[in-house]
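Sending over a structure as structure tokens; questions will come in a sec.
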Amino acid sequence: MKHIIPWQDKPSSCNDVMWRYNANPIINRYDIPSSNSIFNSAVVPFEDGYAGVFRCDNKAVQMNIFAGFSKDGINWNIEHQPIKMQAGNTQMIESDYKYDPRVVFIEDRYWITWCNGYHGPTIGIGYTFDFKEFFQCENAFLPFNRNGVLFPQKINGKYAMLSRPSDNGHTPFGDIYISYSPDMKFWGEHRCVMKASNFEDSAWQCTKIGAGPIPILTDDGWLMLYHGVINTCNGFRYAMGAAILDENEPDKVKYRTQSYLLGPAETYEQIGDVPNVVFPCAALHDFKEDKLAVYYGAADTVVALAFGRISEVVEFTKNNSL
Amino acid sequence: MKHIIPWQDKPSSCNDVMWRYNANPIINRYDIPSSNSIFNSAVVPFEDGYAGVFRCDNKAVQMNIFAGFSKDGINWNIEHQPIKMQAGNTQMIESDYKYDPRVVFIEDRYWITWCNGYHGPTIGIGYTFDFKEFFQCENAFLPFNRNGVLFPQKINGKYAMLSRPSDNGHTPFGDIYISYSPDMKFWGEHRCVMKASNFEDSAWQCTKIGAGPIPILTDDGWLMLYHGVINTCNGFRYAMGAAILDENEPDKVKYRTQSYLLGPAETYEQIGDVPNVVFPCAALHDFKEDKLAVYYGAADTVVALAFGRISEVVEFTKNNSL
Amino acid sequence: MKHIIPWQDKPSSCNDVMWRYNANPIINRYDIPSSNSIFNSAVVPFEDGYAGVFRCDNKAVQMNIFAGFSKDGINWNIEHQPIKMQAGNTQMIESDYKYDPRVVFIEDRYWITWCNGYHGPTIGIGYTFDFKEFFQCENAFLPFNRNGVLFPQKINGKYAMLSRPSDNGHTPFGDIYISYSPDMKFWGEHRCVMKASNFEDSAWQCTKIGAGPIPILTDDGWLMLYHGVINTCNGFRYAMGAAILDENEPDKVKYRTQSYLLGPAETYEQIGDVPNVVFPCAALHDFKEDKLAVYYGAADTVVALAFGRISEVVEFTKNNSL
Amino acid sequence: MKHIIPWQDKPSSCNDVMWRYNANPIINRYDIPSSNSIFNSAVVPFEDGYAGVFRCDNKAVQMNIFAGFSKDGINWNIEHQPIKMQAGNTQMIESDYKYDPRVVFIEDRYWITWCNGYHGPTIGIGYTFDFKEFFQCENAFLPFNRNGVLFPQKINGKYAMLSRPSDNGHTPFGDIYISYSPDMKFWGEHRCVMKASNFEDSAWQCTKIGAGPIPILTDDGWLMLYHGVINTCNGFRYAMGAAILDENEPDKVKYRTQSYLLGPAETYEQIGDVPNVVFPCAALHDFKEDKLAVYYGAADTVVALAFGRISEVVEFTKNNSL
Amino acid sequence: MKHIIPWQDKPSSCNDVMWRYNANPIINRYDIPSSNSIFNSAVVPFEDGYAGVFRCDNKAVQMNIFAGFSKDGINWNIEHQPIKMQAGNTQMIESDYKYDPRVVFIEDRYWITWCNGYHGPTIGIGYTFDFKEFFQCENAFLPFNRNGVLFPQKINGKYAMLSRPSDNGHTPFGDIYISYSPDMKFWGEHRCVMKASNFEDSAWQCTKIGAGPIPILTDDGWLMLYHGVINTCNGFRYAMGAAILDENEPDKVKYRTQSYLLGPAETYEQIGDVPNVVFPCAALHDFKEDKLAVYYGAADTVVALAFGRISEVVEFTKNNSL
Amino acid sequence: MKHIIPWQDKPSSCNDVMWRYNANPIINRYDIPSSNSIFNSAVVPFEDGYAGVFRCDNKAVQMNIFAGFSKDGINWNIEHQPIKMQAGNTQMIESDYKYDPRVVFIEDRYWITWCNGYHGPTIGIGYTFDFKEFFQCENAFLPFNRNGVLFPQKINGKYAMLSRPSDNGHTPFGDIYISYSPDMKFWGEHRCVMKASNFEDSAWQCTKIGAGPIPILTDDGWLMLYHGVINTCNGFRYAMGAAILDENEPDKVKYRTQSYLLGPAETYEQIGDVPNVVFPCAALHDFKEDKLAVYYGAADTVVALAFGRISEVVEFTKNNSL
């Protein structure tokens, strides 16, 4: 079955590598009855369309994740009740909150990772076969951690996860690490992948960085979209960049964009519960058509979509590497 | 005399308990010649219309309070000069600044409370009979305090005031207390009423809370609208909730909204001198018509108006209690 | 009955206004079985000797106050159990902790004030007639406050209390205020008495100040010993100074020592749970013999004693005023 | 040759001393291919039109300065490559970054000052004769410093520069100083000119202040436009004021506006990479026509223009002095 | 072979559960030529005496661990060169620094854990059979972590480690967690064991806590000595307490001392590079003789020894539980 | 005339490069009547003995500098009144405070530098011919700066000064710079000399560093003793190291000790107003006898003396360079 990837051609006026969907945001803050905001969400091809896991903060500003479905990847039906987790590889499925999900299909099932509240933020793991029943596994790490992102296939026989050690607050630092697991339960072989940049070299990513969508394997290695943060005198500003990691040793960074690919410049990115945030969490790609569609949270309030040519993003990353 | 309460019916598209006036903001930042911003202000029925006490920061960003008058509660004439205080129950009427007023009629006069600058913020008290002559009394408390709100009648024979002990800066904490006075001069019997919530339970009010309009006595107890604050990575976000306090022992919280009633979502609430602020300071109510009109400062820049049915707000508070 | 005030003559080598007892500390950290430290305590003439209220932190480092008795003011028997409070002018006698007591006889009973834990530190008030039964009253103020010190007689018909508005942590600021009460229950007429000094003028008291022993009425006004704090690059350093307040308008400071009277210079003041602390909480005086004996906590660990001539302290304060 | 100063008459609806150009912003964030934002820039009459030095942050958010040219001062052609510096009065022309330039013609050449990255921010100095070749000189000061602004003529035989000692971060303090140099290489005779105001007196400038455009010599002294900052609970807010300094002793402040002249109130000032910023860096003036055109960065994102009558600005400053 | 445990009987004057060695400190700061300080070190029975791993900071204040040997556990010969690690279960044995070691024999070898510098502090693991050759394994966790302490036997078939998630600085928070591993390489099943206490209940351990020596299995469960920290106004104060964890489910805390067992009270604990630190890292025990000897770092400068009866420590913990 | 340099031979038990005077401290805190502490002071050969400039904080903890004289460099007579400055090369000799002096003879006079309070700390400059009359010059730099240290001769025809840009508080950062002046009035050619080290490489100097005594010209270059600071969890700890700077280009560091030469280890260095401080401000040297005597402030309370062989200090610096 062929999935039609969401797409709009680049406007002639645009000279950038990536461009926005002209009907952004695709999901609004009040799109389900209980929600205060819907953002930082993940999608994946499913059956003849797409499934997604959405971060919907309710009007008590409690953070939780919700399943959703779409035929075209643009128009979504999001469940009105949060995902209910059953015990997976553990009975300990405590969760004070869940946010910023990622989704990936590996081997036989859809794996979900998210920021899980267990005495502070850490990386929660779950899986589903059908987006109806969900099973929660052991947290990958001790607190404090955020932005846990699985690779879409085992590497050297082990599951691999990117993550960002954090603290219990707004975390004015943050680098990307990789860890491995033989079984999705015990994790080790932790390696530092890449760090926030120097202010002089690339200020948009000088405060902290974190992995975004599931990495995409290209001929040049793993294409990893990520967010970078600068701490301005009026708060954090989040933008999106790209890096290419070695296929077999993904803790080796081959290239990394000095410039951002997409920064907050539209009203829905500049205004909202947290102004000036572009936060990518998922990407659909089609190598044959050379298309990339990135879902990103805007201003911690809504979900938006941006497009690019895979080949151009890779070339840009190689040619503008830090 | 019957006061026509400002009102618009709920739009059919609205599923919320409270909704905004469609011509918000009702007062703009430059509505008097000296002003930089007009917000966080209080109104009260007066003669055949309404009187109000308005926080107008001038273009030196000095904070002061101004009297104003309106026939309909929507269109206001605000004096161009700040209120001039005479000595009330004290000769010590020092005041480095005045802001965030509340007004209430008790027994024979209109009492005004505000954040008064006396070696830092504390609660100033004054009264007027006619909104022409104003008399300043002893400050209620030692610094540092903000959001002093009187009950509209004596409780157990004493005046009662809600307040929020604060610090001298932007105060990243804050709970609501109640204190009593036999004479509006000496205060005691301080009790903690309610605290900022846990992040997990209700994040919009997890950093600090403070009483808003004068509490309204309902069959279920005192309806207290209040503001709650979450400290996002880009600053404080203020929203409005409601609580119901025991009629005779108002330090006992019977119900308290887990969800906010109104959060910053309109442009005039999201943009301004302090973005993302909804800060209620006054409410008009009419039990017979089951109407509630709440005046709130938006983005520390303008005054806006929101409406609701008293009965629905009470029911919502009871049914969605933290 | 004549109380023999603790005393040693000034050593001939000493050129200072005040000097230490040569057998300091008079009370050691482990002087009762449960204690981790005994410091910042108050004494008062009682019967044919002295009674005291002692801050004894136990080995869980819980803070509480204990009664004690002495014939000579130097050798003390401290109760092994903390003071048990009965309801005084209120049933609300919650107390998470009690520390830094002061004691004073007014009219018919001994009044005790202390830092009382009620949603943070505030000023607790209690009384006793016999140092056996103790009665707790309403807290004087809203949190946060410390160093509540009563005057030994009514002023203009009202009880008067010095205090220092604080915050919930280690409080890097702090000025002395006065408040009045007609009944030891409701407090008002709050006035700023004196502030931390400028760094340039008197750095030892430039971070915060707080009243110490009960003020002593002299011909020149109220002699108020107080502590001042400087924030060095290795923490707070507490020393002792003196001020003279107007007899009838004690918010008026007539004189205030630019130099400290006693600073941490002995080992027991420089080493302990909190190094470099001299913290006076009580003083005995005898005008006829021109003697002053000051009890102070040293290094938050032990109790020590210092002596001076009242007349010399007053003269020094007048001649070296800030 | 006569320079036509950019100009629009005051709108009849405007009661303020200064007003905005109605087609603001005059330069947009993406006006050169590499830019993320163009703001805080300087212009000067040059040949038959104007030249300018522009702060263009690229999409890596590296800060650099670019030359630009305009016939009318409104429509600008900005070079696509940053200014390349040659060695001026030193071989040491290290520069980690350059931002917030000012330009002034003195005697025979155009002098440029900017915030220069040399182990943190300090004041860089350069000159050009033609805006084609640029020569970098010794940094004026040790780090940390920002907002170095030269006077347009020697004072008492020496070059004079305003600056604001800062720190290496977002600097929550800052006063304006003046320093002198016989040779644009060695600097001394540092004097404090003016400080951030008291919160009570003029809160918009109570956190920090910094000189803006090159001062303009009027009959009353040097007209110095400057920015002032207030630290709101949602970040820094920058507005513009004016001061008049003594002609021969410019460390003497004769007048200083208590009110701001222009504060962030338009969307392009309230939204952008750093919301709520009005930051003036240059001004064109024509005494004969009594015109003043001020270039200011808005929201750290774009360049905007405001107008006023010199005489009115001076009068306002004199009549509304702090 | 019988190990003679270091021992002194309790002084008759001592009423506490634990008491100090009267010739403390047993190791001085300059006991090896390069050292600035020797503290926070671990010992274990080895051959006919004892072996140890010592934290010796050199005079560049670089932190490293050194092997040492002793016949009696009191007089030690410490190697002059730090331990040189070979590759164990990984080739990645990067280490910016090593400090605060613990040692335990499990099955066939001596395992060492320490705070390992890998992009910040995390838990390093190594082993030795003979204290001559040492092998470094994979770090247990992502940064940031400290105080990794292994259990002396597998629990439910897996290795078990206590640790304290931290940050990269002085960490003003910290709770104890447990994690499991099938193979000393991959870790999971992370559980929170116990948290810092409330200030009111037990202030000496209200800021952070961390496991100390290897837990000792008693009839009541695992006896875990740990350090607790209070943040005084003059810095952190470290004392020692005890907890008893369930034998089979060691994340369940059965008892935990409200009072500390040993706090800084001797000069060598109160003065040094970091004053007021008692930091236990190892304990020798002999059930038959009912003896416990605890090695602790004092003031981050020297090593000291304290004694107790196992049975009394357990009883005290059970009878004085928080 | 030959100056007898203060001296004691190295104790046989000492293996270090430098050793302490066995009668330290040589000056006590109360050695003049007004003083609270005497420390961080400078000495210089003068006439047939020595003159010095002493930092004596009085009992108001006001900081000032005092002249003193000694025959042997060990026993000092310090004036009881602070140095009174006359106008030198400027009439502007404002000074809120003076501390941490250095003294050096250049050409025809003794130059004094100190930390001068002018709107915060900056570098004051003065001179004297006879230590009776003193003349104050222009401050070298804008605030904020500390530890200004002159070279004892012109370099390339200009005066040269080391300094450390600081902030207005306790400054948790700090690197050493050099600046030049043709005339002791105007300063420029600022260069970074050396920075605080990495924590991993040399933690004792990883927080901040500052020049100490006047540099000494050796065959290997300028021997610069300096202080380094580590921020422990209980505050700053100051120790002393050495560097060798290029003779003609003193911004080039040839060698720099990885280990400290002298750290706080004696009681008078570990206890006092600021514990754990060794702060060198002056050194006497005699090449012929190969002697070096360093004066340092201990614990911000007293003055102490340490000795070394110049040749050994130089060799150690070369052989243990960072």
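By letter and in written order, the chains are A, B, C, D, E and F; residue numbering begins at 1 in each of them.
Simple rule for what comes next: a contact is a pair of C-beta atoms (placed from the backbone, for glycine too) under 8 Å apart; a residue touches a chain by one contact, two chains touch by 3 or more.
Labels paired with UniProt names: A, B, C, D, E, F = Glycosidase.
On a predicted model such as this, the values are computed, not experimentally measured, just so you know.
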Q.
On the document's contact criterion, could you list the chains that touch subunit C (Glycosidase) and likewise touch subunit F (Glycosidase)?
A. E
Q) What are the chains that subunit A (Glycosidase) and subunit F (Glycosidase) both touch? A) D, E
Q) Comparing A-E against B-D, which pair counts more contacting C-beta pairs? A) A-E
Q) Measuring centre to centre with C-alpha atoms, which chain is farthest from subunit C (Glycosidase)? A) A
Q.
On C-alpha atoms alone, could you tell me the rotation angle mapping subunit C (Glycosidase) onto subunit E (Glycosidase)? Nearest 5 degrees is fine.
A. 120
Q. Once you find the CA centre of subunit A (Glycosidase) and the CA centre of subunit B (Glycosidase), what distance in Å lies between them?
A. 41
Q) What is the distance, in whole Å, between the centres of subunit B (Glycosidase) and subunit E (Glycosidase), each centre taken as the mean of its C-alpha atoms? A) 55
Q.
Quick check: what residues of subunit F (Glycosidase) touch more than one other chain, meaning two or more?
A. 234-235, 271, 275-276
Q. Who touches whom among the chains?
A. A-B, A-D, A-E, B-C, B-D, C-E, C-F, D-F, E-F
Q: State the interface residues of subunit A (Glycosidase) toward subunit B (Glycosidase) in the complex, per the touch definition above.
A: 29, 33, 36, 57-63, 96-97, 117, 170, 234-236, 271-276, 300
**Q.** Touching residues on subunit E (Glycosidase), where the partner in the complex is subunit A (Glycosidase)
**A.** 90, 92, 118-120, 122, 138-145, 163, 165, 167-168, 173, 175, 177, 179-183, 185-192, 195
Q: State the interface residues of subunit F (Glycosidase) toward subunit E (Glycosidase) in the complex, per the touch definition above.
A: 15, 199-204, 230-235, 237, 258-260, 263-265, 267, 270-271, 275-276, 322
